[in-house]
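Encoded as structure tokens, here's the structure I'll be asking about.
So that you can tell them apart, the chains are marked A, B, C, D, E, F, G and H in the order they are listed, and the count of residues begins at 1 in each.
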Amino acid sequence: MPLVGVVMGSKSDEPAVQETLKVLERLDIPYEAVVLSAHRQPAKVMEYARSAPERGLEVLIAAAGGAAALPGVLASWTTLPVIGVPLATSELKGVDALYAIAQMPPGVPVACVAVGPWGARNAAYLAAAILSLKYPDIADAYRAYREELAQG
Amino acid sequence: MPLVGVVMGSKSDEPAVQETLKVLERLDIPYEAVVLSAHRQPAKVMEYARSAPERGLEVLIAAAGGAAALPGVLASWTTLPVIGVPLATSELKGVDALYAIAQMPPGVPVACVAVGPWGARNAAYLAAAILSLKYPDIADAYRAYREELAQG
Amino acid sequence: MPLVGVVMGSKSDEPAVQETLKVLERLDIPYEAVVLSAHRQPAKVMEYARSAPERGLEVLIAAAGGAAALPGVLASWTTLPVIGVPLATSELKGVDALYAIAQMPPGVPVACVAVGPWGARNAAYLAAAILSLKYPDIADAYRAYREELAQG
Amino acid sequence: MPLVGVVMGSKSDEPAVQETLKVLERLDIPYEAVVLSAHRQPAKVMEYARSAPERGLEVLIAAAGGAAALPGVLASWTTLPVIGVPLATSELKGVDALYAIAQMPPGVPVACVAVGPWGARNAAYLAAAILSLKYPDIADAYRAYREELAQG
Amino acid sequence: MPLVGVVMGSKSDEPAVQETLKVLERLDIPYEAVVLSAHRQPAKVMEYARSAPERGLEVLIAAAGGAAALPGVLASWTTLPVIGVPLATSELKGVDALYAIAQMPPGVPVACVAVGPWGARNAAYLAAAILSLKYPDIADAYRAYREELAQG
Amino acid sequence: MPLVGVVMGSKSDEPAVQETLKVLERLDIPYEAVVLSAHRQPAKVMEYARSAPERGLEVLIAAAGGAAALPGVLASWTTLPVIGVPLATSELKGVDALYAIAQMPPGVPVACVAVGPWGARNAAYLAAAILSLKYPDIADAYRAYREELAQG
Amino acid sequence: MPLVGVVMGSKSDEPAVQETLKVLERLDIPYEAVVLSAHRQPAKVMEYARSAPERGLEVLIAAAGGAAALPGVLASWTTLPVIGVPLATSELKGVDALYAIAQMPPGVPVACVAVGPWGARNAAYLAAAILSLKYPDIADAYRAYREELAQG
Amino acid sequence: MPLVGVVMGSKSDEPAVQETLKVLERLDIPYEAVVLSAHRQPAKVMEYARSAPERGLEVLIAAAGGAAALPGVLASWTTLPVIGVPLATSELKGVDALYAIAQMPPGVPVACVAVGPWGARNAAYLAAAILSLKYPDIADAYRAYREELAQG
């Protein structure tokens, strides 16, 4: 059963999101990935977020560009931790998405990571760090990865 | 019966939104004003947008700061024209809200106006311009105002 | 008879503006498209805007890059709703055009949409949302499109 | 007879424009100052620019904030040199006006100076530098001022 | 025993960090708060991060302005989830801190929240969302708070 | 004898500056073009600026990228009008040069034009507008060009 | 005999520069402080930089706002290390000065520090770090200060 | 024995850093170059900085993109002068790295140079200017280079 739900705002976000999925696989974290637009499919996004806990999801990752409302809209419908990945898909090259994701109002947090592929990868590592609090296997896998990194 | 629904994301947005209301009153455009947060009250925002047409609303105006998802979330639930007013209420002073409101993805448009009080006033004038296509009285009032302006 | 007048600031804006025209065609909204520069041809722009209502136009869409005065100058000569599309044609890649179009002073509103092709498409959808208030056929076409989007 | 026409976009721009006028007075350059909005009073702006040469004006200075179309609109109606002063009167604090004034398209130049009071003063010094090519008295006054500055 | 370690980069960050502490108290999440500078006290920061797990900490929150290296440096020494709060304490008013915290390189994630007091509060809510995965009491408290918010 | 001195900060600025030269030629304005770096060759820049009037130059145009001190340094050594063209040659793509050229301190003005090729062309047109005050032939050529533009 | 020459671009920069002087005094580094404008007093700046080595100066610190050419102009006239402090004195609040000082072209380096008072203090500490390579007393004083900082 | 330690945050920074190394070689300044990540290898970075003086290093140069903590983290562990080169390797194209490196807090200075290859080269020239205070050969080589530049 997937622990992490990865949502991308558009089909064209798939290459960036592949970076997230590769890291989740490497750390053996079960996930599911879907394409859902906050603005074009608000009802589906609502249902996805609301049913996430009962389907066993514990962390949501959402990648979006431009107005990038997806992570915040997911967060508005759930209390699960939501990680937002700003993508550089609009003409403003990700500054818009970074602001839209980082500047959430008090009460409904989103964990913003870096713009683009860096953030796509770190979203998975951040999910690992969060799930490590509860799942020793994930904790071991993530620590092993970090030790490998430290070797350089 | 109100023609324009004015939504503000937070009580603290009220002073800015007063600028909108004053213009609507001046042009004799019936309106209603509510406080609804896209992130904290997503269900109420959904209901508001969905029921807007049957309650006679023809234009929505939404003012919000920071991640400023409100205009876009309203637009995701309705096909009425939505005008978004970016407010300078976060530490980034409105650039965040401007990007979040202007950079809507294709298919779900929002009409973005200027940051802060300038935009708050222009949201009402833009609503007037839109409603003028259908309501000759509003058209007369708006044209009279513009002629007055032209006198300086 | 065209309902929407689409004005581009320069021949080189044509590829972006094609995105607008394709959407208008898809929704069966009659339009006309012209090339007129606010700074190089101010008299022609003035005449275009002033004669727009008597020629049956109900919404103007103007696309421009750089100082991007075109939407605002059109708006200065008419009370029709004007939608502005900021283009990324200058070295500042559209931030300049976004600010120039969004930051209109009180009294003379422009409806700003996203920079570049996203905005070019949304200008047409926003025109559809506006015209829907008056034309049931356009309302039907726009709602059908939005429902299609919602299916994903 | 005034040589320099100083135009401000709004009454509220007067304090900034006083800086311009003080420098013109100090250098004994005859001027006139008017309040004219490019967006609210396009016909008056057109007439002002068109009649400027026959009234003896040789340089125009225009100060405006926000979308700041005024200098460019004046330049669109005349071939006199136009100096634009971006003011920090909108919520974006002058970056918008700077971009709107600096990023003029090819063919219709505006001489942009610094945002706010620095620029307001330099607009007058730039006018002096321009008029110095033709008027030895202005050249002497401007050179004397610069020598004074060099003393510190 | 504290579950959350709140680190501020300087004494002067205390007012902002009080917003974090108030939320943690409201949700009954035990915490500790310390002042430690990443640049001035690197050894103390290293020791703090390294000893965090054995002292029972499960989430770190770090608030800093300017170059804002604190969250990233903490993250470099631990695999616990680190939440970074960018503060507007430098002359660049928080854009610098936002970029420095959000733009972490792949492998060492930080969860960035909004600049200033909004983010300070959301850091605590995000910690609550994370800890909710493991602690039902925190989950209940956080859900209750969100339901209260939804009432408006 | 040249009336306009065109200075570029580096050999690599030549393609941009060609745009300036083509316009000057088209308007039959005699010019000279040199490569001089404000930072690498301060003595040569000083000599160039100081000797400009006695060599008959009446307007200086300087193009530079990055810190873009060239127009300001020329202006510091002369009272001739100096037009600055910000180039997008550094990694910051011209925003740096725009700020460095526009934000001159009071007393030593530079006339800033658009970033890159737009500005390179407009620098020549602005020189034409300035020289038109004194040289009827240039005035005629510039007015003829503007009328041609107005035809579209 | 002073080792460090501190130059400020304008009298109004004195409060910021006091921060530099206080640190130099605290570390017992002899200095001199002068007011010299790169744009208004280019000859004096040239003489100051050229005569610096023979007067025993080994490091220059220059603080300036806006176009902020001062550090770069000093560097153009000397091979001594030049530290530049961007000040937030213009309407653009120091971003302009930061870009103008940081973005020096290859061959003529300036060591840029933070905008405003943070940078004003760090300019002195950076001078101390540089002079420490040669002067054991300064090295001792700087190391002692850093150890004190580490205590917190 | 190397005098300058050049540290890059990632293998992918090598092309930019080659620009630094070429200048150091040209000026005959002995150096060493290593790849060390501040976030992935904090212990190695600490050891590198701490052991730098005993290994004879007198200046450190650190190049990094994105959050770009490397120069500041090195500076936190040593009192040697540290020069930071912001690289445009993230999606924000170096503005993030520029802010992260320039905006160091008081007490722990970093000498920031330009973003990308310009800065990579100037880091070496700045190191030369610093080492010139102590090593006459380096002073001669650097002065000769600057004289060559002045010839153009």
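Quick note on the criterion: a residue touches a chain if its C-beta (ideal position, glycine included) is under 8 Å from a C-beta of that chain, and two chains touch if they have at least 3 such contacts.
Keep in mind that what you see is a predicted model, and the values were worked out from it rather than measured.
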item: Required minimum of steps from chain A to chain F, each step between chains that touch; value: 2
item: Fitted rotation between chain E and its twin chain G in degrees, CA, nearest 5; value: 90
item: Length of the line joining the C-alpha centres of chain B and chain E, rounded to whole Å; value: 35
item: Where chain D and chain F are represented by their mean Cα positions, the distance between them in whole Å; value: 19
item: Chain C and chain E: spacing of chain centres that average the CA atoms, whole Å; value: 45
item: Intercentroid distance (Cα basis), chain D paired with chain A, Å; value: 51
item: Residue numbers of chain E (touch at least two other chains); value: 37, 40, 42, 66-67, 90, 92-93, 95, 98, 102-105, 107-108, 114-115, 117-118, 146, 149
item: Pairwise chain contacts under the document criterion; value: A-B, A-C, A-E, A-H, B-C, B-D, B-E, C-D, C-F, D-F, D-G, E-G, E-H, F-G, F-H, G-H
item: Footprint of chain E on chain G - complex, ascending; value: 88, 93-95, 98, 114-118, 146, 149-150, 152
item: Residues of chain H defined as touching chain E within the complex; value: 9-10, 37-40, 42, 46, 65-69, 72-73, 75-77, 90, 92, 95-97, 99-105, 107-108
item: Residue ranges of chain A touching chain C (in the complex, touch as defined); value: 35-37, 40-44, 66-67, 90-93
item: Residue ranges of chain A in contact with chain E within the complex; value: 58-59, 79-83, 86, 98, 102-115, 117-119, 121-123, 125-126, 129-134, 139, 142-143, 145-146, 149
